[in-house]
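A, B, C and D are the chain letters, set down in written order, and residue numbers restart from 1 in every chain.
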Amino acid sequence: MEKIKVGLIGTGYIGVVHLEILRRLPGVEVAAVADTNEKLARAAAGRLGIAKVHASGEALVADPAVQVVHNCAPNNAHFSLNKMALEAGKDVLSEKPLALDAKQSAELVRLADKHKALTGINFCYRYYPVVQEAAARVRRGDLGEVRALMGHFLQDWLFYDTDYSWRLDPSVAGAANVIADLGSHWCDLVRFVTGRKIVEVMAELHTCIPRRKKPKAGVLAFSTQVGGEYEEVDIKVDDYAALFVRLDNGARGNFTTCQVAAGRKVDLELQVFGTKESYAWSHVHPNALWIGHREKGNETFYESAVLQAEETRKYATLPTGHPMGYHDAVYNLFRDFYGALEARRAGRSVSITFPDFRTGHEAMCVLGAAVESHRTGRWTRVAG
Amino acid sequence: MEKIKVGLIGTGYIGVVHLEILRRLPGVEVAAVADTNEKLARAAAGRLGIAKVHASGEALVADPAVQVVHNCAPNNAHFSLNKMALEAGKDVLSEKPLALDAKQSAELVRLADKHKALTGINFCYRYYPVVQEAAARVRRGDLGEVRALMGHFLQDWLFYDTDYSWRLDPSVAGAANVIADLGSHWCDLVRFVTGRKIVEVMAELHTCIPRRKKPKAGVLAFSTQVGGEYEEVDIKVDDYAALFVRLDNGARGNFTTCQVAAGRKVDLELQVFGTKESYAWSHVHPNALWIGHREKGNETFYESAVLQAEETRKYATLPTGHPMGYHDAVYNLFRDFYGALEARRAGRSVSITFPDFRTGHEAMCVLGAAVESHRTGRWTRVAG
Amino acid sequence: MEKIKVGLIGTGYIGVVHLEILRRLPGVEVAAVADTNEKLARAAAGRLGIAKVHASGEALVADPAVQVVHNCAPNNAHFSLNKMALEAGKDVLSEKPLALDAKQSAELVRLADKHKALTGINFCYRYYPVVQEAAARVRRGDLGEVRALMGHFLQDWLFYDTDYSWRLDPSVAGAANVIADLGSHWCDLVRFVTGRKIVEVMAELHTCIPRRKKPKAGVLAFSTQVGGEYEEVDIKVDDYAALFVRLDNGARGNFTTCQVAAGRKVDLELQVFGTKESYAWSHVHPNALWIGHREKGNETFYESAVLQAEETRKYATLPTGHPMGYHDAVYNLFRDFYGALEARRAGRSVSITFPDFRTGHEAMCVLGAAVESHRTGRWTRVAG
Amino acid sequence: MEKIKVGLIGTGYIGVVHLEILRRLPGVEVAAVADTNEKLARAAAGRLGIAKVHASGEALVADPAVQVVHNCAPNNAHFSLNKMALEAGKDVLSEKPLALDAKQSAELVRLADKHKALTGINFCYRYYPVVQEAAARVRRGDLGEVRALMGHFLQDWLFYDTDYSWRLDPSVAGAANVIADLGSHWCDLVRFVTGRKIVEVMAELHTCIPRRKKPKAGVLAFSTQVGGEYEEVDIKVDDYAALFVRLDNGARGNFTTCQVAAGRKVDLELQVFGTKESYAWSHVHPNALWIGHREKGNETFYESAVLQAEETRKYATLPTGHPMGYHDAVYNLFRDFYGALEARRAGRSVSITFPDFRTGHEAMCVLGAAVESHRTGRWTRVAG
């Protein structure tokens, strides 16, 4: 069967991760890349043997050779490119957030439905094998009913006032920073693992470093600037946030996120306390699921193609003890997405096991409520 | 020099811990114990060779042979016994909370000042050597300014609806359960380690198990009931709580506590993120302080009578690697308290390095604000 | 530039890992695969879009389209296929062991030199970024002189007597099992990290399960048999081994390996104690290097493209905190190997930063000495 | 009942630990102490309110007021003082080793039998609650048959050549250092947890630091010298040792010990691999027992007065999650010892649940075989 032709917009940190993973999918070929920083795009294309480089995301979306668009542009370009791609009849795998607000993301869901597009959003953390396993065990009833949850997502790449990123600029990134960038991942884990919706939130957003040195030349994510000219800018968005959540079954949860936590790198954790047992998962040791008990010793369950629930075994692609990493989680998501695409092409029934634009829209609604809650200092219902 | 004569009220779980530790202090003798459950008191006295058993806390306080009162009675008896002891000119080491509300605890502070009593409150977690070390490093400036904090205190001893305790009865325990019992310890760690006051809070209290089976016979803390008759009772107090805090320097923090978290035992954690480095301490591995860095590897600092700051070395009473435990933390607190008593007796200057009734009153003010915040659903200033 | 054409022999567990990784290298194309189990080979080829399937390793080696041979056949086919490939003027990346004894591996080194072949051996554990970093720090003098080492490699895939593998059959696997299969990896880590040779050994080999149920149908590595017919066979090779080592500077070390250690999966660890500091690395948390100190807290150093020594940064291919896994370690090795191939093709100077047939021969010498030591019950010099 | 009168010889590090723990036993009183460093003895006596100080161990043993002798003198005084005490009809709790060789320790066992003395030896690590639990589970059959074991005991207090101790002087400490001091603890854990005897050993002893700076003034264990005059001395005893063991059921084991391992403090570990499951215990996290499984997640079992086997619950003296420490382990041993003494006084049947002189003699036999094995470079049978 002919390979599926992919076009990718945005060749910064996460775009390159997409390209690396796409190489591992036998039925897929990257036909084109685009970046407003054309030099960056050309470098990636040259290194990875990609034939075509477009000067803009719009040009790439318009390219008839592109069947699936991977949208790794900065946040403020997400909505228009996603919209254009859907309207052009393409399937889309987008980085989060889908858009800058829930009205836009609702529009994208509508367009995806209308055009019968397959859509995906890169909530990749749910694709570690034992996160899939935790969700399967909740569905199976092992946990009982969820009573409470807790978690955090900590990083330190914005620790110094000399650290800068477009994520700190509301005109590019949107009204919120860390609660959007990191918080949305945690909320997605809650949604996925518990199967429950967040229906009400109380948020506090805070700017630990209210003034930063912005380099006059641009910077890439996760890179450190050395010397160079800069200007002092006021920072209006959060680099710390805290969030109380209430789920649709009445369960309560609490979340903390921060990007100035020295020594914490990609420290994402979720703990779920149920009526029968507890689960804890930490991205610091992503291959193990902790299962807590009252009446016996606690368990550490490792990813396993043998011991996991039948529907989640395929995500443990190495024998137990050969640690899977971040690349492998993204691979699992992409494999599900392209598996669905191939099923559709082959006329087989398509099952949406991956996060799609509906998922992304729900995340926007939670985020919107969090921003509103912070503004008013009150509990706020999540729309939708 | 003659031994200091101690009387102890309340011979349940924590009272027995006090008695065990008091045996390790050479200059101290337990002269009497009291418990409303006289059988329990007699058993403890017999086992530990204590001469006198009083039938009530009041009788013990009135006993002229008793110089120092250890108050381990249930919460609703704290205020009156502490008050009586102070008015009788005795020194007092009380379990927390000092009283049922901040008005009462303010009164106790006033009485302690008036009678020049030495007072203490058993916030023992700050007495692990590396917690002392963390506080010393903050004072020394190693951490820089505190920007944010995070933590939790999780247990599972109330996991089943067949678990019951007087702590769930507001008439005995006061208006709140877990935010008071466990939350006060965390807030004390924040106060002690950062040297900063909590000035504003937003709280959510929640009852995960709203109906429990209360045994008709009484139950002791941390014990499990087996069979026996019970009655179903509605639970009005929290077994889950979440708390946003703001410190007096503008730093933000977030805390979660829960007593129905299967598999978590005495899982208390504090993380402090400063402008220079980060600290994390977990009671699960209480002898190590984690120190986080952006520009180099993170550190694990073990308790050490050699490497700690000079003022905290005395708390590391064993060579590094010989783990100190909960008993040793309580011992460190008692040793500081009785060291001050001996200094006063000897006419030497007395330094209050331990948590006293003023500390306990501050904790009551935070707790009061939390309960009020939950009631109103709004941020609430801490009094005082 | 035209892609390098690869042929791979042996499409079991590790062969498939090779194929997965080869897909990630832009300049490389898998032209053919071979397996004596042709069905297995056809399945892999179909799944991964590989054009040609040979019925035997010999046929693949003889295929003029194949420039580089990946040898993932069982042990007893390693020598003849590696030899044939070298004599055919091909470059070879072989699984270990290179051969069944040191005489054979010496011959392969001679042939590789004669034919100026690039050779590699898949000692992949040294390719985790922080293992590279540990070696760089030893070279830089941070550790001082190595005084002592310790480690283990534990698994449980042979825990039951119903577990069987060709590795337990000396006619296929050679004279030793676990000391060869797992021990060789540990010895390679010692060689690589310390830069020192093992010159003398004392070994004990032991068979914990001396009789096993061998399925009449074959089994693949890491797979569990379910039901089916079997025959009882006596096991003559080791599933537990212990090894004292002496390095060429007089340092001492001790190693334990076992494949019947319930609950241990791919639990490989090396600890190195130097005159200035200590290092410990465990495959259970492969992204962190522990650095031990006497006079200050210990360090946990995470893989980092920013903080690592300059020569090892390229192995940290994700921002710190995005965990790299087993796939990424193998990728790093392959990238070094094919980087050298491309340099040679381009007429640039070639630097052998990866383990080659000389490395593999040294490992065979250590293994030979271990087997001899076990036979005689005495310390034995390592040849060469 | 009248208190049991104890006399303690040797008021250095471990003697003071004994004194601390003895204070916690209600039925026991320390009547006298002795140390050749009389100033040290007087200081301890003053601090702890002990009435009598003897100028020598012999004088203390001869004191009719002393009923039980705690022997914490240096190794070369163990035999003669233990012997004298037994011949004087006293009960003895001795530090290990009991004597300098197995002939002497055999003599002590004979004397203890003859005088019907209660004897104990301070192998305290077995008294952590979960070590007791591991042994109980082996007895109950949970582990199945032991197949293999592994472990280590690492410290760094002799890391620098300026570190010195009487343990490095064979005339005081005996023929071996680290294999005796630390190895004997590990061998005792093996004996206790598995219930099996070590019957054959292969050892390597090594001196990492063959020349040290010995201070002209004496030094205490675990203390660091600062400046002062010293002389260079050759070190003839081991600061690194490795030991293969064979148990009486044919199981194999391997052990490494080292006192120059920078960053390792009291890092004692035992892993036992059985036919049904595995256990691992590390003194670094002494309150948890790891239980390994092939067919399900591994378990972490915390000390628990509720969940442990009935016979081991009494050793978990705090509610689960309140960590017990080194002091509590020693306390558990002393409590068993004095419980037996009280039972004997009361005419009740006496059960020897603690390590006694027979245990200590067995340890001497293993140590003797290890020293002999190192001398000959061959496997050596353990006598007795």
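Note that in this section contacts are C-beta pairs under 8 Å (C-beta built on N, C-alpha and C of every residue); 3 or more make two chains touch, one makes a residue touch a chain.
What you see is a predicted model; the values in this text were computed from it and never measured.
> Determine the set of chains touching chain B that also touch chain C.
A, D
> Farthest chain from chain C, comparing Cα centres?
B
> Can you give the whole-Å distance between the Cα centres of chain C and chain D?
The computed centroid separation for chain C versus chain D comes out at 41 Å.
> Distance from the CA centroid of chain A to that of chain D, rounded to the nearest Å?
Taking the mean C-alpha position of each chain, the two centres sit 54 Å apart.
> Rounded to the nearest whole Å, what is the centre-to-centre distance of chain A and chain C, using the mean of the C-alpha atoms as each centre?
So the centre of chain A lies 35 Å away from the centre of chain C.
> Can you list the chain D residues in contact with two or more other chains?
Expected reply: 264, 291, 298, 302.
> Mind listing the chain D positions that touch chain C in their complex?
147-148, 150, 152, 154, 156, 159-160, 202, 204, 206, 208, 240, 242, 244, 252, 254, 256, 258, 260-264, 271, 273-274, 276-278, 290-294, 298, 377-379
> Which part of chain A faces chain C closely enough to touch in the complex?
Within the complex, chain A contacts chain C at residues 13, 17, 20, 23-24, 26-27, 47-49, 155, 157, 221-222, 224, 264-267, 283-286, 302, 306, 318-328.
> Would you mind writing out the residues of chain B in touch with chain C in their complex?
Per the stated touch rule, the residues are 289, 291, 295-302, 307.
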